[in-house]
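Okay, got some structures for you below.
Next come two complexes, and both contain chain A; in the first it sits with chain B, in the second with chain C.
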Partner chain A sequence: MAIPDALPFINLAWGDLLFLILSAVLVGSALLVVTLRDIIRCGLAMMVCFAALAGLYVLIGAPLVAAAQVLVYIGAISVLVLFAIMLTQTKAAPARLVFQTQALPAAIAAAILAFLIALTVGATNWNAVSAPIRTGTAILARVLFDQFVLPFEIVSVLLLAAVIGGIFLAKREQDGPA
Partner chain B sequence: MSHSLDAYLVLAGILFSIGTFGFLARRNAISMLMSIELMINAVNLTIIAFGAFIPTLKVQGSVIALIVLAVAAAEATVGLSIVIAIFRNRKTPLVDEYDTMRD
Partner chain C sequence: MSWADLATIAPLAAAILVAGLVILTDIALPGRRVPALAVSFIGLAVVAGLAIAVGVHPATAFGGAYRVDDLTTYLDLLFVAVIALTLMFAPDYLAARDLPLPEFAAVLIFALSGVMLISASADLVILFLGLELMVLPGYLLAGFAKRDALSTEGAIKYFLLGSFSSAIFLFGLAFVWGLTGTTRIDGVAAALKAIAGGSTPLSPGLAMGLAFLTTGVAFKIAAVPFHYWTPDAYQGSPTPVTGYLSVVPKIGAFALILRLFVGALGPLSADWDIIIVLLAAATMTLGNLVALTQDSVKRMLAYSSIAHTGYMLIGLAAWSSPNSRIEGLEGLLYYGAAYAFMNLGAFAVIAALQRRTGISSQLETFAGLGRREPLLAALMTLFLLSLTGIPPTAGFFAKAYIILAAVQAGGPAGILAVIAVLNAAVAAFYYLRVVVYMFMRDPRGEPAPLVVGRLMRSGLIVTAVLTVLLGLVPGLLLPIVGNAARALTL
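Now for the complex of A and B:
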């Protein structure tokens, strides 16, 4: 039995349905990241947010970036953030106030920013095509290691410098009060 | 909806605004870094959306997004180790208690 092109009854295409679900998960978990009281739960909500984003990358036709998102963000950066939370927990921290005193102006400013971005996007003609173009891994590798080989090498040196800098900064001093 | 550039750009704008709010409003330094990660991801989503919907940017969008991913990893490493180093000296992760230079 063939699967129909669109969802029965409400005539919604499968891609649109996936987009709606993933963007709802994305926005909901992002809101949880910035509002939850317990910071460990913020970190876990951030992982959900990155997973929804990886799904959106697949939907838009960039499978290699989605795989890199899962590996780098869900696999590495989330673990790094959770370790940093573990190292900087104090007993009193979750019980006290989560937000600064300027939280309300910040919320108003963020809402205005979102509104302005939506307005600008709607008012601009981007000359976009009507369907996303899928980026295959073969052509992406060709461009990455041919045209973009210098940025690639610079990024690898940057990562090495960041690793050494991270070790140096987080290291306990030998004879200081620490 | 999944075939329109505007939907992706508005979604990325909403994600960026949520990150802005978190960065301005949270007291915990690690929460602020998580908000920065949200903002970086929003920008990455716009880059990939432009790469997918504008034919002249076809492959470059994904390549730039991969490079941004690596740079974001470097930024997270250094930022979190700075927070850990400050925590070791001040015994608190809350940024409004880092007020040595105020008085």
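Now for the complex of A and C:
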């Protein structure tokens, strides 16, 4: 039996359904990152968030970006963040995160902004956007190292500056702990 | 990438190399200040020379993503001068607090490469990367005194709000890209011209994109009501860093505004100019009114720098009227140079006073300075008079050009001219209060004598000379500024 092109009854394409599920997971886990009070759980929720984003990348036809997202963000950065949390936690510091009192006004403002963005995006004719193109590694490499070679190199300079800064801030002074 | 491309980006590449060399010097000769400083100064001179050499022949590189024109050269030279002056003011202050100089110099020069990238970018992606390369070192420099809680607090506030505003800005860029289908500034301008030419109103998506972009840059230039990070970041930072933060990221963000709002979004100026007028009016007025109530001179100058953002925005508002396109940009660019030198000078005097640790920047510190340190007091008076806008200083001519351009523009920008004059009168009160403290109040107790290092002294004299020169002979800079403004309008 062949699978129909769209979901029966509500006529929703499979891709759209996947998009909705992934976006819901993305937004939900991102909310958990900022609302959970245990910092380790925040880190775990962040990994879910990154994974959902990787799924979205696959959906819009950028498997290479999705692979990089999984390798770099989930594989390296999240693990690094969790290690950093575990290594820097001291008994003196509060184990639970303290929240601002402005959470409610912030939530209301965020909800209004989200509504506005949804409204504008829906009401706009995005004529410059074409259908998603499946990009392979070869095309991507050619664009990256030809048309976008300067931004590519600048990103490495940016990272170098950030590394030098990070090392300076993290470095222990000779005369006692920083 | 071809050899011609490499030759065009030579000044930028040199700046990045110099930053790397400073770090390598520190690895080879650890803990020594003089070699790192020497490499920095020689390197900056090379960068300036290359910028002049490349700037003679306007060119594009990397398929039109990078463009060198008269505006690029003008901004590059201004930024090199400001970075060199910051490096003259910082060593004594850092040494007294056991803070390393080589890292400071390297990070500062990385920020220089960021602003140079902004001033030469003809592509939205490069514009954004330049912005990030400019502000990222700023976060580190704000927290450079890492054992000082205030410095760390200011740096974290700066970092968080700066990252948020960058994200908002990037979101806005995505909207513009989605509607125009290109990231090239020329392409965006051409696409928007087609949209603006029609009788249809602005599409909601584009309006939203404009709103995000305006919010993002308003954060970066510290325009009211997006200025909340400014006083804390400026007050907490080590004083030479405050001088740097109040000048380079601000004028760099104005360079970004010139490339983005004038270059790419120019066809839509009828839709954004009223927002700029409102921002300018609110920024001038609130900055000056809050500055009146400050007892810390550093915090006062932070609010005054917010007010100066408002004055510079007038130039942009004047540009959007067809009567005064060139004049508005000329005013903005002249103001940028004048503001850079006088504001840097004022912060440098505070840094000189704080050579020994534990000296606050409260008004009390300045009591009786006229008798104790006549040279420093005289220089501070000069910088403050220039910030007020009293002839024959740079600040006077800068304000005069901006206000004349606004009058010529007429309409809402004309009203800004009136608000600016009223604000200048209010500002005189708090600037001159410091002068009154220096010359007419007696210090409490007997403050220890001050030692002003040779590098600091020569830096102060250079800033003072430039402040007077830009006021006495504005004709020196005007042709250069005019060419830069015309390069953008072509």
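The definition used in the following text is that the second predicted complex is superposed on the first by the 145 of 178 C-alpha atoms of A that agree within 3 Å, B and C clash if a C-alpha of one lies under 4 Å from a C-alpha of the other, contacts with A are read in each partner's own complex, and residues count from 1 in each chain.
One rule holds for everything that comes next: a residue touches a chain if its C-beta (ideal position, glycine included) is under 8 Å from a C-beta of that chain, and two chains touch if they have at least 3 such contacts.
This structure is a prediction, so every number in the text was calculated from the model and none was measured.
In the superposition on chain A, A:A68 makes contact with chain B only, not with chain C. Once the two complexes are laid over each other on the shared chain, residue contacts for A:A123 go to chain C alone; chain B is not touched. Here chain B and chain C are compared by how many residues of chain A each touches, and B touches more. Of the two partner chains, both chain B and chain C are touched by A:L169. Of the two partner chains placed around the shared chain by superposition, neither chain B nor chain C is touched by A:A138. When the two complexes are overlaid on their common chain A, residue A:V149 makes contact with chain C while staying clear of chain B.
Of the two partner chains placed by superposition, A:I10 touches none, neither chain B nor chain C. In the overlay built on the shared chain, the residue A:V157 is in contact with chain C alone; chain B does not reach it.
Taken together, the two structures place residues 117, 121, 126-129, 147-148, 151, 155, 158, 161-162, 165, 169, 178 of chain A in contact with chain B in one case and with chain C in the other.
Chain contact summary for the complex, chain A toward chain C: residues 116-117, 119-121, 123-129, 147-151, 154-155, 157-158, 160-162, 164-165, 168-169, 173, 178. Residue ranges of chain C in contact with chain A, taken from their complex: 1, 9, 16, 19-20, 23, 61-63, 65-66, 100, 103, 106-107, 110-111, 113, 117, 123, 125-126, 129-130, 132-133, 136-137, 139-140, 143, 146-147, 177-182, 191, 203-208. On the side of chain A, the complex with chain B involves touching residues 13, 15-16, 18-20, 23, 26-27, 30-31, 33-34, 39, 42-43, 46, 49-50, 53, 56-57, 59-62, 64-65, 68-69, 72-73, 76-77, 80-81, 84-85, 87-90, 93, 96-100, 102-103, 106-107, 109-111, 113-114, 117-118, 121-122, 126-135, 139-140, 143-144, 147-148, 151-152, 155-156, 158-159, 161-163, 165-167, 169-170, 172, 178.
Considering their complex, residues 1-11, 13-22, 24-31, 33-35, 37-38, 41, 45, 48-55, 58-63, 65-67, 69-78, 80-85, 87-88, 91-94, 96 of chain B touch chain A.
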